[in-house]
Each structure stands twice: as structure tokens, then as C-alpha cells.
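Listed after this line are the structures, all set down as C-alpha cells.
Shared between the two complexes below is subunit A, which has subunit B as its partner in the first and subunit C in the second.
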Partner chain A sequence: MSTINIAQQGEQAIARSRRSPLRAFEESRFFPLALLLPILFFFVALNVIPTIWMIGMSFYSYSLMSPAPPSFIAIDNYVKIYNDADLWSAFSRTFVFVVLAVGIETVLGVLLGFLFWGSSNMPGRRLALTLLFVPMVVTPVASGLFWRLIYEPTFGVANYFVQLLTGSKIDFLTNVNWAFGAVLFVDIWMWTPFMILMTLAALGSVPKAELEAAEVDRLSIWQRLWHVIWPHGKFILMLGVLLRTIDAYKTTDLVFLMTNGGPGNVTELIGLKLYRYAFASLNIGFSSALAVILLLIAISFTSIYLWVLNLRRYREGA
Partner chain B sequence: MQPTRARTAVYYLILWLVAILFFLPVFWILMASFKTPNDILAVPPKFIFQPTLSNIIDMLSRPNTVPYFINSLYLSITSVSLAIVVSFLAAYALSRYKFRATNFLMFLILSTRMVPAAAFVVPIFQMFNAFQWRNQFGVLMLYTMFSIPFSLWILKGFIDGVSTRYDETGFVNGASRLHVMFRVVLPQVRPGLIAAFIFNLIFVWNEFLLNFILGGPGTQMIPYALAVGLVSAGGNIDWAFVASLSTGYVLLPTVMIFLFQKYLLVGMTFGTVRGEV
Partner chain C sequence: MSDKSLFQTPLSRRQLLKGMAAVGVAAVASNALAACAPAGAPAPAGAPGPAGTSPLAGTVGDEMRGKTLELSLAVIAGWPPSQLPVEMFPKFAEMAKEKYGYTVTVRKTEAPFAALFQKVAPTLASRSQEFNLIVSDSQWLGALAEPGWIVKADDVYALNPELDIEPFSSLVVETYQVYPDGSGQRWGFPQMPDTQGLFVRKDLLEDPAEQAAFEARYGRKLPTTYEELEPLTVQEWEPIFEFFTRPEQDFYGTAAQYSKEYDFFSCAYHPYVYATGGDIWDKTTGNVVGVLNTDANAAQLEYFVSLQKYQPPGSPDFGIGEMIDLFTQGKVFSAFNWLAVGLFMIPPELEGKVLAVPHPKFIFPDGERKVIGAMGGQPWVINAFNDDDHMRVCIDFLKWWYQDDTQEEFVQKGGLPWSKKGVNAPGFEDLKPYTRAFKYMLEEGRSRDFWHLPEYAELLAIQQEAYSAYASGQVTDPKRVLDYIAGRQQALLFEKGRTQTPPPDELRNLTLM
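And then the complex of A and B:
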């Protein structure tokens, strides 16, 4: 086929399509809005309206347990939250959980990430990494149950080894001194692989040329870490830490399934607490106020996350 | 210093041991699904046992098991597909037309994934009750919304990476905008589509709290079945059932991350970090 033929065909196609109303619509300024319409529908119907509704409800006294109709009480729910010692302790427990979980996962993840750095030629690498990364793609409900079987005091395998070593058994999930640590351990098991993944990504973002230059210049391992790896890798590592922080602060399913907040309330994290106010005591007004606070915390974390992301784009031009 | 073969072998061995160590708890449950109920409860725990398929047969023969699997598959595949279509249209618009609110919209949509589920489920619950949406349709819509942020972020990232010259070449040759979108840009963002599909599938497959609170017949998925269906007649946990159901359930995410490992990073960071491990 000659070039002239193609050109003719193109012109014919243009002439045909110019006539179509669809074409006119595609070129109008409503077209981009039409493309956004479906996503905006979902976003408005399932996020914006519920959020506004929730903010509204947070100023009302409204419980499904009492026959009284909702009544406007301004900021009383927020005042109640401020004065609720129980909630403050749930917040501080969540804070401790997040700091310990993310801290330990980061340290372990970075160390193991460095260990896995040179593994690109390992035989069966794909299978090994699959095994390594499985904990983070198993639903917390299932992993909560797995660990209940392992921690189980009479026939659990953890206690079998504990008894071999110490001669006595530990009731991991019902003992006040152990339950928090036991849940924390499961979170670390689930999410250390994620920090390994982020460390590998961070190491992968260091330009090969700079690493080779460091090799040629015979920099010490600390000099390489500080002058070559850290300036490039810090962004992705930081994104990993932030994402983990956001996620650890959301932890609900895991404690719900493993301990349901007990024994007493030593594993009652803020997400579970909110769930209880909303669906066990059916206190809609109060739980909405609490939800608004959790929403604000989440949004501020997200802003920090995006700030780091943009910082990276700006620095790396990525 | 050139590492010797022996050193390399030891190094790989250590890596394999680390990987296996992380997998052990899952392996323990997999083993339990092939043990008789008595073997599961044995003291001391049995490491070597006569494998049996009776738990898995028992699990599959329970009236609700197959519907749970079907619900899980149906809800995750449908909602994720819908989310990807919706997100692709929006991602193209946000990438090619310059709106002033683009960054803000992207931020708001991402932040919906960062909120604890318990926080926004309260108003959703009331809304779904009021509209009588606590059925397959409502849950489907919710999971579509749940899958949108990640799909949008990843697809916008990929479309930004496709030079606008492709679009222009298309226009010069008389192609329509839709033709450019679906025939020129779409094929080039295929990895993004795959990553969004696979990882949203895993996320919806794993979702529990929304399903637990909003779900009804026809929407209950496997995590719900695990959480609710675990108590046997005696009031004890029915470990044989839990183990065999978990085994069936863990299969999908495991196979997915084996097959699509190169998308793992972009998947676990909701499309904000790209790269391979």
C-alpha cells in the first residue's frame, strides 16, 4: 500500500468522523468532566455524603439504644471524648502499639532487606520471596486464627516449646502480662516482610553508577551507607514507615479476632474501641465524634505521606 | 574479594531459612487441614502424622462453604473490574487535562484508604440501612469505592508516563479522543491495569470488617465465614474447619504474589511507589 493511499484513507476517516455528534462531544469542554463523572459519583455517594452525615451526627446526642430522638448538643460529644479516661488509655495503648510495631518492623525489615539485597541470582528466588511475603497478603482474620491455634495453651505448638524450655506453660492471649506482646508479635510477623520489601525498593532506587563509584573509591561500608545509599534510599524507606504507621494505627481485625480487646482491655486498640461504641453500644452520636477525630488523624498522616512523596519526586525527578 | 561458591551457597541457604521461618505459621495451619481433629488437638503437637482429606471434604460439603467462595470471587472480581474502568477514565482525564484541583482530588481519594474502616463504616451503615442497600448491590458499590483509590493512583502514574506525543500523533492522523484513549494509551498502561487488578483483588478478598458489619446473605465472604463459622457445636473452635477453609482461602493471594511478584511493590504502596524487587 502506498503512502498516498494511507493519507487518503486518513482524510476520509477524518471527514467521516467530523460529522458524528460523538466526535463533537469528545472535543467539547464537557468531555473531561464526563470522564470524571463516574469516579465523582462513587466518591460523593460513598465518601463525601457519609462523611458530612458523620460530622453532622457528631453534634447530636443519638443512640439506637434509647427511644429519644436525636437532639442537638453542639460539641458535647467532643467534650465527653476529651474527658473519657478510657478512650485516652485506648489512644495511648494504640500509640505504644504503633511505635513498638513500626519500630521493630523497621529495624528488622532494614536488616533483612540488606541481607536480601544480593539475592538476585539466588536459585528459586521467586518462590522464596513468595513464602517470605505471604504473611502480609493473608487477611488479618486468618492470621489471627492461625496464631490462636499456635498460642493455644493446651495443644498449641508455641506452648509445647515454651514447656520444653521452661517447664511451665504461658497463656499467651488470656494472661494480662502477655496478651499485648503476643498480639504485637503477630503484627511484627505480618508486616516485617513489608519493610523488607520497602528496604529492597529503597536500595533499588540507588543508582548503580554511584554504587560502582563507591566500590572504585574503596569507601568504607559506613561511608557508603551515609553518602551513597541514604541520600537516595531515605525517601522510599520513609514512605514505608509512614504507610506502616497509618496501617498499624488502623489495626482492628487482628485484635478483634485474637483477643477481642481482652484480657480486661490490654489489647483494646482505638479502632476496636470505636467499633464497640458504634456497634455494641449503638451510640451513633458519640461514635461519630470519635470517628471524626480518627479521620482527622488519618488525613494528617496522609498529608505527611504525600509531602514525602512529592519531596522525592522533586529531588529525584522521578 | 570474590565470594567463593561455598560462601554463596551458605548465603542463599540463610535467605531460604529466613523465608521459610516467615512462612512456618501458615505452614502449620496448612498441615492442620490435613490432620484428623484428634491429631490437631494432640498433646504434644504432632509433627508427623497420617494425612487425611476428610477435613477438606467436610468443609466443602457444608452448605455455606461453596457460596462463600462464590461470593468472595464474584464480589472481588466484579467490583475491581468496575473500579478499574471508572479509574481509567478518570486517570486519563486527570493526566491529560489540567484541572486546578487535580492534586487535591488525588489526595482526598487516597486518604479514604488511610482511614480506619471502623470510622467510616458508621455513616455507611446508617445510609445502607436507610436505602436498603445491605445487599449484593450495596456491598459491590462499596468495594468498588474501596478499590478506586489504588486503581486511580496507579493508572494516573502510568498514564503520566505515556508521552502526550502518542496522543498528538493519533489526533493528527484523525483518531478520535476515545480511540486514542482505548487504542493508543490503554495498551501502554497494561502493567498498571494488571497490578491494579491483582492487588485490589487481594485487598477485597481479604476485607473483613465492612463485610462483617454490612453483609447479609449473598454478600458474606470467606473472612466472614472464618470469623463467624468457627465455633462448633461444643462451643469450642472447630479447628479442622478453620484450617481447611484457611487453606483454600490462602491459595489465591499466595498464587497471585508468586505469579505477579514484580507488581508487589506498587501493589502494597497503593501505586505511589513504582519499581521491582
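And then the complex of A and C:
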């Protein structure tokens, strides 16, 4: 060992002995916990406690419009939900909306994602990508309002072209045969860019070396997709699908602005129903029970995705 | 994220027990927390006392001198009559400074019809004085009065008899003041009454070419004056709507409100129900089944919706705003709308070309030709949780608001009066093209309001959704629509103890599918 090294070690030992209490705290095992404390505080205050409160409220009969205090009714609210045919029809409508919206957005997003991935030298690619992402960054309130105007049968742009082509107008938002599709289209317009983004991120996570090796080995496009791209990109892609599923499942603002759930109940999604029970009827007990059920369904979505994602590994491990 | 999923790692017995314990703790904690929720009816602030001591008497001495405060008004957005008090507020502030010696400013909070209650109710439920004075819709009276959120108007009248002004008709009292119905207990202070009418293009009616064409087609003269138009029934109006329906010119005979939004469809359809001699519910028994879902009401529903054939595309979504847009943009010959928005139905370019007549009549079962329209309009209500100073300012404001010169200015700016003196004022009928029709519809028995119950929002949501389903063709049987509404509303009213009769089993599980 050289003299210099010995000197350096000596200086470090002296420095250690002189370190400040702050430095000691930084190195202690409590430091990571301290860093987490602020976010934990907000998480507990804004998430955990309200959730527990909501679960509690779901067992009570309590309306803001009644002078009566909350009264414990056990699972009566849940029984009412179970027996309410309209709620089940809203659930099924929401399920169809989620499956169609997320399904179409994923297919379009993956296709367009591959297109942009494979066209890195295309002129104007950045501009095209930026324009493509605009719908995603516009708030649903603004999107809902201007799509409502676009669809408007008297002076809407969409109907101007429809009339040019067909000679008649379509009541996109008030015709029972069109309203659901019209809202679905706007959701797809808004959120396909998100799936493009996730696809590009997924493709970016594939190591170049493996892609080059696949090319050297002359793997077909399907083999490359299945053996090289999918194993690396699936997590990000599935995360995208998961986030979109949960988000589509919660869709309220868009339908509220475009159709208010109508005509009739054609676009009445479960989020809108919950909103009405909670904020129009101020029926806190019942809406809490419904919210708990929605929460459980959202959790089950997450669990199913995680399970599917790990199914192969689980089988291999078994 | 860890590679291990929740499903890869089997739960150990210890983990399972921990999880169950956590759930148990959560359940206990949640019940405890839920039980801590605010309960019970609040004691209203400003309980009445001898005049001069209670804040409900307003400012009577120097108790407010030198003070500075802000009065918070909650008003209906996009509804002109609601905006006028805010616009006119500086005059009140000037008067308050001069007469009582305090400085007052106004803070306006507004939201559309359906959203304002949702904005106001949670603040009142938490006993806040976020909004001191509120323009409420008439249907909200029960929801605001029953939990004790608003001051009882009778208590204010007892201390301020000058505020107890004689109304033009009992409709004013029944619609904007009394809860429960028929009890005589007053909670609201009339802000602005409103009734239904039909706005028509007088210039088209008076056009000789149109008159000749109409006479050639229908073999009778096209009515042109108020006197000729006022007695017409809806059925007699139909040929006129048909005559002016010209889709090739993008011009239509009429426009009515079929929207699912708030109470738009309901208010437009209710006159057709009243025309059968019936009602939408029985106030005394609380029953809906057997009252609403009659064959006569179903036929009227079918007829009302059939009038869409004289209207522009998109009619299932028409509300108050669409009536104004379509009429002022020259897309329709006539439009069914509230007379309170008359000023907005007649922009400068249509001045002299528009006539407003009362809602078309019906032939009632007894053979009488008459109309019972729906009542619109709003009352003021005072927050019961106001502190003494704000309570005094609210009362001072109302005293100023009901002064003759303030009311006169309100009417000149497009507002409508409700007092006997105001409505009967010389020249009122000719003041605007819609004031004559308004006065006609405010006469005894010519309009009717519906529910003032705390459950109004839920009752309304049920029928608006169902009516919208029928207007758009989602459901094609009008009787089924009424059965659906009746069953659901009866179940709700039974659950809330408003009726002793449960809904029949066959109506319980009807859906709109």
C-alpha cells in the first residue's frame, strides 16, 4: 500500500469523525423514510382516509338534503344496487364502451406507433407527432364542447359534409342509433395518441442488439414481433392498456358535456350515474356504496392485467 | 416495479391473518368515522326577536355604521333575470352607505340551473355562509327548507311587514314561497316570476303573400293579431306550424323543448298533462302511479312528441338556449319559451317583428278551452347560517329590492314583476311584446308548479331520462315511459315516507331498454 493511499484513508477517517448530524441522518436508515413522509402524509390524508370514510358511509343511509343523521343500514345500499336494473344496464353500457374504446385505441395506436417507429427519417415526422398528440392534451371539457358543436345538426361542420355527401343531416347526439358511436368516436380521437405514445415507448425499450440479431438470423416479421419485441415491450403496452381501461371506465366529463347521458340513457355511463347520485341527489350513503363497487371493479381490472402479464412467467416457473 | 406479481407469491397464513386484521380495522374505523358525520337539523341563525334586536329586522339603528362587508349572491348563470340584481347592486350599496352608514360590495357566484343547487347545497350542509343570499329555483324550496338551511320568510315578514307585499295571484305564493304545499308556511321571497309563452314572427303572419298562400292551402285566414292568436288551441296552431315548415329553405314551423337537461322536457310537456284534467302526481296522497301513467297522459305525450315533425333537426336536444338561437337566427317561425327571456328572444334586428302569446290552449275534458302552463321563475332564499351583520344586509337588500323604484328599474331592464301593484301598473301589458302574455299566464289557475320536495332532483332525473328516451325514439311506447316513471317515482316517494302506497310489482323492474 502506498504512502498516498494511507494518507487518503487517514483524511477520510478524520472526515467521518467530523461529519455533521445532518450527514449522519442522511446515512441512517430513517432517511429514506423521512423523504417519503410528505408524500405519505398526503397519500393518507387525501386517499386512504377518504377511502375508509367512503367505505364506512356505504353502510349508512345519509343524504345531505335530510336533517336526519346518518343511520346504519348494514348492506342495504348494496342490496339496492344489486336490485337496480337501470344500474346494471349502465354497467353493461360502460363495459361495452370500455371494450370498444380501449380495443380500437389499442389497435390504432399500435399500428400508428409502428408506422412512426419505422419512419424515423420521414420529413415532418416531429410535426406530425406533435399534431397527433394535441387531442390528448386538450381537456375533455373543451373537447366535449367543441365536438358537440361539430356534431350540431343545424350549423355543425360534420353535418355540413354529411349533407354534401348524402343530402340529409344526421342528429349525431340525439339519434339513438348514432349517439353512442359519436361519443365513442370522440374518445378514440382523444386517446389513440396516448396508445401511440405507449407503443413508441414500448418499441424504444427493445434492445437494438436483439433487433439486429433478429435481422441477421432472418426472422420473419411475426417472429420478431413475438420473440423479440413483445417480451420487451409488453409491459409498457399493457400498462397503457391498463391506464386507458381505468380511464375509459371512469369517463364522465365527456358524456356529460356531449349528451348528458342521452338521448334517453343511451350514453349514460356508470360514472355519470355515480355523479348524479352523489352531486345531484346528494345521496351520500348510496353513492358511496356505488363508488366502492366501482373501486373494486377498477382494482379487479388491474389485477387481471397483472395476472395476464405474468401468466407466462408463472407457467414457466411452475 | 417488482417482477413478482401479486399472483405469483402465494399468501402465507401470517399474511392472510394480517390482511384480515387490516380489513377488520378498516371496517371499525370507517364506521366510527362515518358516525362522526354532521348530523341533525341546525339551529337557524338570527332567530326572530323583538323588532330592533333581531338581525332579521335588518338595520334599524347605528349597529352597522362604519362596517365594511361583502354580500355573496348565488345566481343562475345564463339566466338574465338572475343577473339583474348584481347589475343593479351598486345602487343598493350607495343607499346602504347613505342610509345605514356601512360599505357593502357584492360577490357573484353563478352556475347553470342544474349545477347551482349542487354548488350551494354542500356549503349549506356544512353550515357555511359562503352564499348569503341565493336565487333558488322554485322546486328547491323543500330541499332547502327541510334541513333548516334557509330562513323562514314568515319570520322576516313578522318583523318587516313592509316586505309582505300583496302578490298578483296565489300562483306567486304557491310557487315561490310555500313549503310544504298547502301549509301556508313561507320560506322564499319572490325574485322573478315566469310563465310560458309562444314567440311568433309577426312580420311573417302579416305578410300578404304568406296570408294568401295560407288561405289558398287551408281555406281560412291566417290569424295575425294577439286577439286572434291567444284563443287558439295547440291543434289549431298545428296547420300554422305545418305551413311554415319548409325544410328545403332550412326553415321550420316551431321549436319546443325536449331536452334531457334539467326540467326542460318536463316543463314543456306538463301543460299537455294538465289539459287532460290530471296531474303528474297527487300532492295529498303522494301517489304517482295511477295519476301520471294514464292512457290520456300517454296520448298527450305521443302528441307532444309528434310536434317534432315541424321542428329543425336535433329537437330531442332543444332547451332554452336552442329556442333563443333558432328563433333569433331566423330558423323557425315560432318557439315555445319562457317569457322571462323575452328580451333575448327579440334582438334589435327582430324588433317590431315578434309577438309573444300565451301558451296555446287545449280543450279540457269538460269542454272548456283553456290552458294551465308550467310555472317558471325563482325565489330569493336567505342562508340561515349568515352571521348577524350579513343577515341584516340581506334584509336591507330585500327591502331595497322591493321598493317601487327598484322594481320599476328591474322591469325596465327586462325583469318581470310579481306584485299586484307591479303587474297591474298602467302600461305594463304594452311595455314589451311579451308582457301581455306573461300577465295572462300569471292569472289564477292558468299556470301550475310541480313538486317542492327535497327529492325533486331524483324525481326529475327519473322522468327527464325517460321522456328523453321517448323523444329520441329509444322507447316507442308512451305508456311504457309513463309506467316506468310512475313506478320509479312511487318507489322513491314510498321509501322517503311521502306516500303510504308502494309501487305495484309489475312497475318495479321496468327498464327503458
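In this text, the second predicted complex is superposed on the first by the 255 of 318 C-alpha atoms of A that agree within 3 Å, B and C clash if a C-alpha of one lies under 4 Å from a C-alpha of the other, contacts with A are read in each partner's own complex, and residues count from 1 in each chain.
The rule is simple: a residue touches a chain if its C-beta (ideal position, glycine included) is under 8 Å from a C-beta of that chain, and two chains touch if they have at least 3 such contacts.
None of the values given here were measured: they were computed from a predicted structure.
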Practice item. State whether A:Ala85 touches subunit B only (first), subunit C only (second), both chains, or neither. Key: second
Review point. Any idea whether subunit B or subunit C touches more of subunit A?
Key: B
Exercise for review: Pick one for A:Pro32: touches subunit B only (first), subunit C only (second), both, or neither.
Suggested key: first
Point to revise | Touched partner set for A:Pro21, first subunit B, second subunit C, both or neither | key: neither
Check your understanding: Which partner does A:Asp253 reach: the first (subunit B), the second (subunit C), both, or neither?
Key -> first
Review point. Looking at the overlay, what does A:Leu309 touch: subunit B (first), subunit C (second), both, or neither?
Key: both
Check your understanding: Does the superposition put A:Phe72 against subunit B (first), subunit C (second), both, or neither?
Key -> second
**Study point:** First, second, both or neither for A:Asp171, with subunit B first and subunit C second
**Key:** second
Practice item. Figure out whether A:Val138 sits in contact with subunit B (first) or subunit C (second), or with both, or with neither. Key: first
Review point. Of the two partner chains, subunit B (first) and subunit C (second), which one does A:Thr154 touch, if any: first, second, both, or neither?
Key: both
Review point. Which subunit A residues contact subunit B in one complex and subunit C in the other?
Key: 49, 53-54, 57, 154, 279, 303, 306, 309
Check your understanding: Within the complex, which stretch of subunit B touches subunit A?
Key -> 11-12, 14-16, 18-20, 22-23, 25-26, 28-29, 32, 40-45, 85-87, 89-90, 92-94, 96-97, 99, 107-112, 114-127, 141-142, 144-145, 148, 152, 173-174, 176-178, 202, 205-209, 213, 223, 226-227, 230, 237, 239, 242-243, 246, 249-250, 253-254, 256-258, 261, 264-265, 268-270, 272-273, 275-277
Practice item. Using the touch definition up top, name the residues of subunit A that touch subunit B in the complex. Key: 10-11, 13-14, 17, 22-23, 26-27, 31-33, 35-36, 38-39, 42-43, 45-47, 49-51, 53-54, 57, 112, 115-116, 118-119, 122-124, 126-143, 145-150, 154-157, 160, 189, 192-194, 197-198, 200-201, 204-205, 236, 239-240, 243, 246, 249-250, 252-253, 256-257, 270-272, 274-275, 278-279, 284, 287-288, 290-291, 294-295, 298-299, 301-303, 305-306, 309
Review point. How about subunit C: which of its residues touch subunit A in the complex?
Key: 3, 5-8, 26-27, 29-35, 37, 39-42, 114, 117-118, 121-122, 125, 143, 146-148, 250, 260-261, 312-317, 326, 331, 454-455, 457-458, 461, 465-466, 468-475, 509, 511-513
Revision key, fill the gap. The answer for subunit A against subunit C in the complex is residues 49, 52-57, 59-60, 62-70, 72, 85-86, 89, 152-154, 159, 169, 171, 173-176, 179, 260-266, 268, 276, 279-283, 303, 306-307, 309-310, 313-314, 317
